[in-house]
Every structure is written in structure tokens, then in C-alpha cells.
């Protein structure tokens, strides 16, 4: 019997090792696994590398994890936003490393890892500082840079509905990075608003099939 | 006003040039754009390269297009199946070229084109005859081959429901190659069982967003 | 009189073709959504995974699961749909969008675009989707104030700031003019009523040339 | 007595772990679905875009939009889902499947697999998803008759036929034995009742070694 439901947030994030690469879903305020981020503080893993689009806002969720000094390095496209105060403080003091990656390349690199590929050639960032140090190659008359797969040890996800097999759905733009990050980590953990019976989700509407999900915990927010 | 509906199969395939690369969706008997393939015979384009998983069965659809001698070359993974008589005859007589590509690589190469990328490294086919002539490269201790994007001039699709914006849904395993091929061609044409009003398809259930579709025609089969 | 920001957005909106798929960048370009001519069906794309961005919701209709790239609540139009982020950028990078309207710090006469970092060391840089959009959309147009608050020109011979992409901008909408980037240099298509060409040139580092059919840019009061 | 094909499939099914995600290749492996032990929940993947393949439908329930990789009508189990083809192969290639059970023409003592072409010039070759599966699933096991109809061994020192992938097979289920591919060569885990080890070796080109705990393979009548 397949049952990926766990009873608590602590069970959900249990075993996250120090030094882990943590994929943290969400865009703006939508689809953020805030409860899981906060559970990770309690769990205690340190020296993390976080991959996320933004670098947290306010003092909750990812920002709380940053404030607890558990994150050595963040790979993201747009660290600043209204309320990214924790990140900005740490950055100004040189207490967090930032790797800036064009937004579409972050997700394409994660998909590349998810798909078992070794890398891809992309025209994005050619001629800019963000292409420095990357292998360049002309293909069909256009310059490309080689981008490498980006795999997570852990993915933290936020979904709307989920069942015991780990099938997930999202609401509206809260889908964002969740499906790709679910595929791209060794251990994918979802907080879901509603755990439903197996079969309640229409097979045509499953956005993340359970094969990509390892644990889910109900967090009705 | 966006209205991608056309009145007839002839209007749907109009303008397909000689020598076009035609992506032809379907797997086995599901999701096959048979009516569009047959309309292409009437339309008259010759010297086509067809990309498809199989090479047609019986005497209808893609097999009819082959029988009409409109296809110079077929790129596929599994040309033989029960009833692939037309292809087998042409192949035995040397009257059709076959480029055999591993099944997942066909669709990944089309996605690569759809995503605006220049190519990708894949471990599939390494050490086999199908890797002959491909660039090899070791990445993280594993040998990969470089695969190139595969773009269509035209895609022929079969969907279940569609609206005037070109949003499409599929039924069950008839989804197969349709969403990827829709993204990977300059001109994507769908035969759909039911044309519905804009808004009838739940936005969460749209599988192929209309941006990828250029024309659709109702074919209630 | 120079255009206000709403008027710049209005001017850019007038050029949108019926049926076009368009991405609006954060800031000034986002305002273009408010001025789309009523006779045209334009599909607005938001990088976080929305095709068919609609107007801002009423106060009672706000749904924080439905936001745009600027993280503001929006609505979805009839016919709109959701995709995941990687598919959203497949649309962007794969040439599926007809147009992206972007903001800029600087634009060069060659169409180089600088819009992602001012290199201020106290300020973490943020690139977002700018580089993906700049190389991926079929056409790039920029909305920008003609000069900085300090009066420095934003339309330059060469960009001083780090590039987002080279040679991609085709048209520039400013508070003073509409300018095309052509193989022969910058061509002024429209200029606001009370600014003459020498004045416009004086506020522009790059060399400008008037189009043979240059016209007056007269926005409505907005 | 050698196992019949249903018995080979039965034997392979006994090793499936509860909760495993498994792809069944065309032909003999497809039959494994009929023998999954009732106490285990196994999720069967079909390359055309199905996760959760169920049993064959009744005659009145056939839906030609729902077929497996072998193009036969199937059903979907509760909890199953559909994906498009590229995502289906992302699952395959990205190591998301625990196991693929494949057919073979030949397997070598190094675990090389040949299952896509016999090089018969009158016969167009077909690779399907074999190469993707062979390098992508976490583990590859093969179901194969021990010898060809003409009596030639299919388990070889080296494959004569063109390879599908090198060094990927970990276990071989035949009508005569269960054989593991190990760093130290081929190890026979189980052998059918009325065949002795020298006889098995005589029908195998590669060198075999009995496992210290070699046991008798006794399938039910099927």
C-alpha cells in the first residue's frame, strides 16, 4: 500500500541533511511552502543551499529560515521584492551567498535534472555578465551557453489538493514552480491544503503525478 | 477577436508547402489526426518529412499519406506495428527514408525546439548504433550524446475539445504526442471532436493553451 | 508637455495588434493592460504561469493564488489558462510570444537593453525573467522615461550599465517620443507637441533622425 | 519442465516491491501485470503517458483512447493519471521509475542488452522506448526465453546483435532460471526442478555460477 501522508510537519521534513540543496517553490505570495520552511528551522538542518525564485518576504517562511541562519547560499532570479528585508540585511553584511540565474533558466535547469539530461544550450544571457565563465557555442548561427542540470536533495512544495499516492493539484498561479521542483529533487515534500481520498482527483486534472512526491502533510491555509 | 476555427479540413491544411516537416501526433490508435492526414493528400503537398511515433496502420490517415507517395522521409521510433503494411512495402522497395530515433528523444528534441534551446546532452543510445555520428561528451562521469532540436513546419493534432482561442484538451492516453507537437511547429493544426464556447474549458484543465495552436476544425469522430 | 506614465502606457497599447500574445514587464509596462483598445483581443502572458491576464480584481475579489509577475492580484480572462513555470518560460524563450514590452534603465542605438542591475553594491541585483524575455519574444519594445530624474539620457550610444541582451529592442516609447531602432540608427516616429527635434536630441545621447513622416504624439488626458 | 510464458511473468511479478513504479515492456513483460501479488500496490507506467495501468477492460468497456505501449486497450486504476509523452519519458529517463521489465533478444554476462533489432534487412528496425528505458529506469530486469526457437543461447558472453544499452541488466528471468548479473559474473539464483546445473550451462553461452543458496524455481500451474 502506498501512503505518502505523514502526520506532522516535523515528520514531513525529517532527515533533511546539513548542506542539502533545497528547492523552495512559490512565486510572490502564491504557492509558498511556508509551513515546511518553518518546520525546517525546528528540524535543524544547516548550511543549506536554497533554490527559489525570490528570497523570502517578511519574517515568515523562507525569510524565517534565512533569519535563522540556516542558508549559506541562495540561487534565485529576483531576490529583492517588497519586504525582502531579511535577505537584504544578510546580503549587505555578506552573510549569504547569492547566485543569480535568469528566471527561466532556473526552472529549465531543474527540469533538465528531472529529465535525466546532462545539460542544454540556451541563448539566454549571451553577451551579458551572467554568461561569464559559461561555455559558449554557436549553433545554427546563434550563440548559446551551456547550462547544467540543477538537482535538489529536497523540494518543499505547496499544493491545493493531494491524495495518499502523492497526486497533487494547485490553484491558479500557485502552480508556478511546484510541478518542476517536485520532479527535480531526490525527496519531494508537499504541504497541501486538502488531503482527499484516492480517486477524488480527476486523472485528467492531476498536475503533479504521485511518482514525483515522497511525503505530504495537510496544512489548511 | 481571436478565432482560430476554420470551416473545413481543406482550410485547415491549406498552404502546407512541398518539403515541409510535418509533425504527426498519435500513438497506436489514440490521438491520431487521421482526417488532417487525409486532407493533406487532397491539398497536394509533396516531398514531406513526417515525424511520428509509428508509421501508420491500415490504409487510412498517415498510411494513406504514405501510400499517396507524399512522404520522402519518416522520423520515428517504431515504424512497425500490426497493420503497418504501407510503410513496410515502401521500405522494402527503398521508396521511403527512415530515421530511427529513440522514442523519448523524438519528443525531447521537439520540446527542445519548442523551448527555444539549441540542443541537449542525453545518455540515451550511448554505446549503440543510434549514437553513431553524434557528438559524445562526458558530463559528471557519464557519457552523453548531443541531440539537436527538431522543429516542425506543420503539426497535425487530434484533440477532444477545443475553443476559438485554440485551447485544447485530450482524452486519456490520446494526449500522447499532441501537446509537445503543438508547441514545436510553426503552424499547428488540430482536428477536435467538439468545438466548445470560449470559457467552457476549465482554465485548470487546459492541456494545450491556445498560444500553441493556429487552426482548429471540428471532426466528430 | 512630456507624457505622464499612464500616457506612455497608453501610447504603447495603441500599437498592439488584435490577437497578439504579449508579455508586460514589471512597472510601467504593466500599466499597458489598462489601455488596450476595446476593439482588440490581446492575450497577456504573465511569466509565473498565466496566459490571459485580466484586469485587477475588486477589493472583494482578491485571490492571492492569482497574481501577476509584479506580485499584484489580478483576474483571468475568459479563455485564459494556467501553466507551470517551466512551460511559461518555454513560451517566452521559444518565440511563442509576439511581443514583450519591457522597462529599461538604458537602451543603446543598436537596441542593446540594460534593465536588470544598476550595479549599486548596497543593492542585491535581480534579473527575474528579463534576459529570457529579451532573447525569446518575437519582438521587444521598451517603455522608459526619456531621461533619469537627474536628467541623464537613457537612450545612449552604448549602454553604461550591464546588458540584459544585445541588439534586441525594436521600438522605444518615452515621455517625449516614439523611436524605432533600425539598421540605420534611431528614427523618431512621433514627438510630443511642445518639444522640438533639437530639444529631443539634446536629451538623447545617441544620434536621432526624424522619420520622413514624423508626426505629433498627442495622448488623451489620463 | 521449462516455465511457460505466463510462469516467467509470474516469477518476475513475485519480486515487485510494494509501492514500486514499474514499466512493463511490450510482449512477455506486459503479462507481468496479470500476476502482481494481491497484497502489493504497484504503479504501472506506460510510455505513451499513463501512470497506473489497470487490467484489460471487459469487451463492453473498451475505450480506444486508453491503450498501453503495446497498443492494447487497458483501464486506469484508482489514483492513476495521464501525462503527455515528453513528461512520460522524463519519468523514464530521469530515474523516476524503480524498475523496468524488458524483453530481449540477447543479454551478455556484463548486462549488455540487445532488444531492438535483429538486423534482418527485409524488416524495418524499431527501437521504441527501449533505449530510453534501458538507461533511465533505476533498475533493469529482463524476461526472456533461455534459448531461441532454434536452440541458440540468448545469454551470451557478448551480444552479437546491436546493443540497446551496455551494462544495464541486473536480473534475468528465463523459462529455466533466475540469474543475477553481478560484478563477478552471472549468478544463478533459482533453477527449475528438472534441469540440472550442467544442462543449464550447456544452454547458456556465458559462464554461470550457482549462488551459494541456489534454490528450486517452482511456479504454480498457470
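Per-chain numbering from 1; labels A, B, C and D assigned in written order.
Going forward, contacts are C-beta pairs under 8 Å (C-beta built on N, C-alpha and C of every residue); 3 or more make two chains touch, one makes a residue touch a chain.
This one's a predicted model, so the numbers in the text were calculated from it and none came from an experiment.
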item: Path length in the contact graph (chain C to chain D, fewest steps); value: 2
item: Touching both chain B and chain C (chains); value: A
item: Chain at maximum distance from chain D, centres defined as averaged CA atoms; value: C
item: Chain centre separation in whole Å, for chain D relative to chain B (CA means); value: 29
item: Distance between the centres, which are taken as Cα means, of chain B and chain A, whole angstrom; value: 33
item: Inter-centroid spacing, chain D versus chain A (mean Cα positions, whole Å); value: 35
item: Chain A residues counted as touching two or more neighbouring chains; value: 108, 111, 115-117, 122-123, 171-172, 203-204
item: Overlap residues in chain C, where contacts from two or more other chains coincide; value: 76, 82-83, 89, 92-93, 135-136
item: Chains that touch, pairwise; value: A-B, A-C, A-D, B-C, B-D
item: Parts of chain D lying in touch with chain B, wherever the complex brings them together; value: 46-50, 63-68, 71, 76, 82-86, 88-89, 92-93, 122-132, 135-136, 162-166
item: In the complex with chain B, residue positions of chain A that touch it; value: 108, 112, 115-123, 137, 139-140, 142, 144, 148, 169, 171-172, 203-205
item: For the chain B and chain D complex, residues of the former touching the latter; value: 27-31, 53, 55, 77-82, 87-88, 91-92, 98, 100-105, 107-108, 110-111, 122-130, 170-180, 207
item: Touch list for chain A against partner chain D, complex; value: 1-2, 111, 113-117, 163-165, 167, 183, 198-199, 201, 203-204, 206, 209-212
item: Touching residues (chain side chain C, partner chain B) in the complex; value: 18-19, 21, 41, 43, 45, 51-52, 76, 78-83, 89-97, 135-136
